[in-house]
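Should a chain be cited, it is by its letter among A, B, C and D, assigned in written order, with residues numbered from 1 in that chain.
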Amino acid sequence: MLDEIVAVIEQEMKRTQIKLLWGTANLFANKRFVNGASTSPNADVFAYSAAQVKKALEITHRLNGAGYVFWGGREGYETLLNTDMKLELDNFARFLHMAVDYAKEIGFLGQFYIEPKPKEPTKHQYDFDSATVISFLHQYGLDKDFKLNIETNHATLATHTMNHELRLAADNGFLGSIDANQGDLLLGWDTDQFPTSIVDATLVMYEVLRMGGFTTGGLNFDAKVRRASFTKDDLLIAHIAGMDTYAAGLRIAAKLWKDQVLETNLKQRYRSYTQGIGKDIVENKVGFKELSAYVMNKNTLEPNEPGKQEWLESIINQYMIG
Amino acid sequence: MLDEIVAVIEQEMKRTQIKLLWGTANLFANKRFVNGASTSPNADVFAYSAAQVKKALEITHRLNGAGYVFWGGREGYETLLNTDMKLELDNFARFLHMAVDYAKEIGFLGQFYIEPKPKEPTKHQYDFDSATVISFLHQYGLDKDFKLNIETNHATLATHTMNHELRLAADNGFLGSIDANQGDLLLGWDTDQFPTSIVDATLVMYEVLRMGGFTTGGLNFDAKVRRASFTKDDLLIAHIAGMDTYAAGLRIAAKLWKDQVLETNLKQRYRSYTQGIGKDIVENKVGFKELSAYVMNKNTLEPNEPGKQEWLESIINQYMIG
Amino acid sequence: MLDEIVAVIEQEMKRTQIKLLWGTANLFANKRFVNGASTSPNADVFAYSAAQVKKALEITHRLNGAGYVFWGGREGYETLLNTDMKLELDNFARFLHMAVDYAKEIGFLGQFYIEPKPKEPTKHQYDFDSATVISFLHQYGLDKDFKLNIETNHATLATHTMNHELRLAADNGFLGSIDANQGDLLLGWDTDQFPTSIVDATLVMYEVLRMGGFTTGGLNFDAKVRRASFTKDDLLIAHIAGMDTYAAGLRIAAKLWKDQVLETNLKQRYRSYTQGIGKDIVENKVGFKELSAYVMNKNTLEPNEPGKQEWLESIINQYMIG
Amino acid sequence: MLDEIVAVIEQEMKRTQIKLLWGTANLFANKRFVNGASTSPNADVFAYSAAQVKKALEITHRLNGAGYVFWGGREGYETLLNTDMKLELDNFARFLHMAVDYAKEIGFLGQFYIEPKPKEPTKHQYDFDSATVISFLHQYGLDKDFKLNIETNHATLATHTMNHELRLAADNGFLGSIDANQGDLLLGWDTDQFPTSIVDATLVMYEVLRMGGFTTGGLNFDAKVRRASFTKDDLLIAHIAGMDTYAAGLRIAAKLWKDQVLETNLKQRYRSYTQGIGKDIVENKVGFKELSAYVMNKNTLEPNEPGKQEWLESIINQYMIG
């Protein structure tokens, strides 16, 4: 049955030449995942999850998927009173290692991703944010095999800006793919709205350009129309609105990048580290004693550079409405 | 002048036999730290901060301080538009390495701590939460030299429970010291209230008992009386209230720990990993293929253990008002 | 069919002597309420809702319900871009007037309630909080016919403490009934947890005692067990835990009230309004000129009373753990 | 001394022809207002505040101020445990009546405003949001004498959109003046940033156009440069950025209004209330019985109108980047 469905999809993909960005498995909706999947206190559920992801990997491989995403909606806890967090995290890592091993075995060369989210449906999800996931990957020796699939509304639920999450991942070589949506910052849950903020899309695309473009992954609308947008027109228009938003964002970001507006300002602002004592600092040539002596011998410190935040924000506006 | 003040303090400490838990330096209030201290774009400010911490370390050493804390109120950013986050984080790590080196040089053997806080005064502070700081320490080879000084109100500002922050730190060997206060979860800033929630204090002390007690550090009231509590009586009573709260919390936690209520429940809940397929999982003897075969051969999965959250919460209550 | 169900319920109520606190109708889950019920832009939906509430009132009356509650989960909006808020609020009031009229017609003498909630499922719900609902009732001449049914987790979603919502309602004669549950203040959605915080229950019961006890309504658990508490035991224990919590809260509140601890402090703190210039102020005998002259003639103002917040919080603790 | 300063200001105003939008008094920073000004438990502080506002009114009058604003930073409470909320609210109303009376006496015809804010510096401020203030004004018979001065960052701290606060005030005739700034929705305190979001400014100016423009008041930057924007250039640019933002917002809003894009959609969406049963509803001609009969006689309800949220958001974008 499943194989027949996959066969139909395979044919359709051939016909339309649409390719598969990534595959994933739903390890959270069914009741058996009530306490998590690979982090379940029930070893049988761990085993079941393994079987399910095994199958999902095989299908993804068969459909030439370019990647595979883990979003751990139940991989966390409701209360620490009943949770062995250490064992659960260890098991989570074991599970991911098994996935990597099995992918190698079947020849699946796609990129693995983890999608951070701080909470919802659980009170606490282990993949809280970029920093937490990167730390986890390093700690358990998974950093070579995984990148991040970062979602805007998950970033804001973790009280981060989306560009913070992207920057942190990119700076550490973990920015893999993006779930392009937007949340409502006055609400406390994942609204998964289609992205219509051009400024936000600009900042996202700027980070992508800054890291030299995607090497894996891409933009995926993990978005749904609002409940009241129930017509086919709404569905179509929502996708168009999202694509237009990101297209506009990319054009503005490309102009900003081409003109090196932000980068030029950065160079000026941090220039003190390219010469003199600053150069010594970044080249690890000095310690507290040398720096203390340096300061004692100076009458006045070099003045601070202003942050120019309002100017920078207005520059973005000018590039946007031209 | 400074040396004279230190001499007076030294004498008083001798007289009263009060010891110094940890020293620290204020690298955030003065205008020169407008863009950070060790993460300032101004190399001179980095140097100045080095001189200041050098002096603070010397004084802490002279006063036999048991530790030294870094709280980086300005070590972060106001906007990524003007920030070279990578360079700033690298410099932050350089600074901490210099501190460690200098401590060795002067023979200061106290414990170094970083105190996480997600924001305020900055929009984003690099020491966001326990996970972020632990990741940073690992990444920059500082994990042997630093532990965490965790503050309740900083935990909640990062949308974590305090016991989550403690548990994560303890499980990884980083729980060093605690700033015992409490916030107002309906407000979005650091209120630093004296702790009066006995349930919260119980959960904090439970984590401390669970890790075998403090090996360094201790409890510090990073708390202030409310603005309207301006009398000497208020100040005294606030300290008493805080101490009583933690004393009550410790007694309840000790009883809980002695009776192993939570631990016994945990053992029951996770018992499937001590035998059969679960044992094979934690001993890394199986992979996706074995687990898939195991599941296929089984008619029904073992049932899930209930979370019993309400029962556990009511148990804490019974131990409290018993 | 419906009548048969009601007949069975009626018999069971007779047999068990369990009485009906209040009735209500679900005007939010069905797709037809996608844009609201009485605030729908679709007049037919308004009409349908009227028919539904008409029937619900008849059943509530037949079952001798002591009240009827409106919780307007869809009475609000997703975006102001498509919303005629004025017309929707007018229609909401029209609907409630129709309900009052029909109740009179059928002789239903039970108390009407509105249950405030700021959001979820909608972005903005018109019954935001106590203040908003009281304002609405006054503005539309519904203040004689409605009281409030206040829920803890709805209060906290509106960033209020529960006792604030209760106090405001009680002071204005609108405190009717209480949905006793609790939320998770680190999460941004309605978790509807069974109440286990004894301190919070104490503060709730204190407000009830302060207003002289319920004259209508009562305590209702609008609570559900956590997803992982899926056994019958969990369900039973959760109800017991909730009842124990409120029983403990009531006992502590009763002791506090009997000893008049808070009230005595209040009298002392506000005593300046019972004599001299303060008395003149509350008796409306003075204006800016008299008060200005009074101040000009005084050398120093009477000192302020301290707030004693920490002392008051520790008093509650002492009454709790004795 | 004060009179001399006022004389200088008076001269400068004549010379520059700059007029005074509104006056106000600082009733929150000084320690005497620790427990509030007109809501202080200390009658002498009430009297002192009266004297201060009396003077402020006289100066505002002398300078031909077009209005007078009350922002009650301390008019609220830190904890209900020590607060007689009823007396404080009554006194607050008394104070405002005195102000109105005194203004009449001296012939000051300017508009009075209250500026809502939910919290900060207090835990709870009585002027929580538009709905709360409008309710208060009605309840205490102050609705003829006061309008609202609404600030963007205060709206968002109350978890409302700014346009919600404006719409509610405008619909009820209370929209007087606007504090044009913006907050950071990922932070929980009042950042008072210069407004640079063109979309937000568009929605603000749309509400102003919708109500027919300001009849009193205007736009005021209650904004400050970020701490790191410490140069004169920053200060100048921040003001320019704010003005450009609102100028752009006004132009876009004016085009939207001229084309009646939103209004045309509204008319279509709510057309069911202009005829048939809908018309009967808004003309109060029907009750539950008639509506129930109407529904029973209908086979199917008229279909719901979709919300078209994504389309409307993309329309705003098109008007913005055209």
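We take it that contacts are C-beta pairs under 8 Å (C-beta built on N, C-alpha and C of every residue); 3 or more make two chains touch, one makes a residue touch a chain.
Note that the coordinates shown come from a computational prediction; the quantities given were computed from them, not determined experimentally.
Student: Going by the contact rule set out at the top, which chains touch both chain C and chain D?
Tutor: A, B
Student: Can you report the angle of the rotation that maps chain A onto chain C, using C-alpha atoms only, to the nearest 5 degrees?
Tutor: So the copies are related by a turn of 180 degrees.
Student: Go ahead and note the Å separation of the Cα centroids belonging to chain B and chain D.
Tutor: Their C-alpha centroids are separated by 41 Å.
Student: At what distance in angstrom does the C-alpha mean of chain D lie from that of chain A?
Tutor: The separation of the two C-alpha centroids amounts to 38 Å.
Student: Report, in whole Å, the distance between the mean C-alpha point of chain A and the mean C-alpha point of chain B.
Tutor: It comes to 26 Å between the two C-alpha centres.
Student: I need the residues of chain D touching at least two other chains; which ones are they?
Tutor: Counting only residues that touch two or more other chains, chain D contributes 31, 34-35, 78-79, 82, 119, 159-161, 186, 226-228, 230, 304, 307-309, 313.
Student: Report the residues of chain D in contact with chain B in the complex, numbered from low to high.
Tutor: 31, 34-35, 78-79, 82, 119-121, 123, 157, 184, 186-189, 226-228, 230
Student: Spell out the residues on chain B that touch chain A in their complex, using ranges where they run on.
Tutor: Those residues of chain B that touch chain A are 31-32, 34-35, 40-48, 50-51, 53-55, 57, 78-87, 89-91, 94, 98-99, 101-102, 118-119, 124, 128, 131-132, 134-135, 138-139, 158-161, 163-164, 167-168, 171, 203, 262, 265-266, 269-270, 272-273, 276-278, 281-282, 284, 287-289, 291-292, 294-296, 298, 301-305, 307-309, 312-313, 316.
Student: What residues of chain C sit close enough to touch chain B in their complex?
Tutor: Residues 156, 159-161, 185-186, 193-194, 196-199, 225-231, 233-234, 237-238, 240-242, 244-245, 248, 304, 306-311, 313-314, 317, 320-322.
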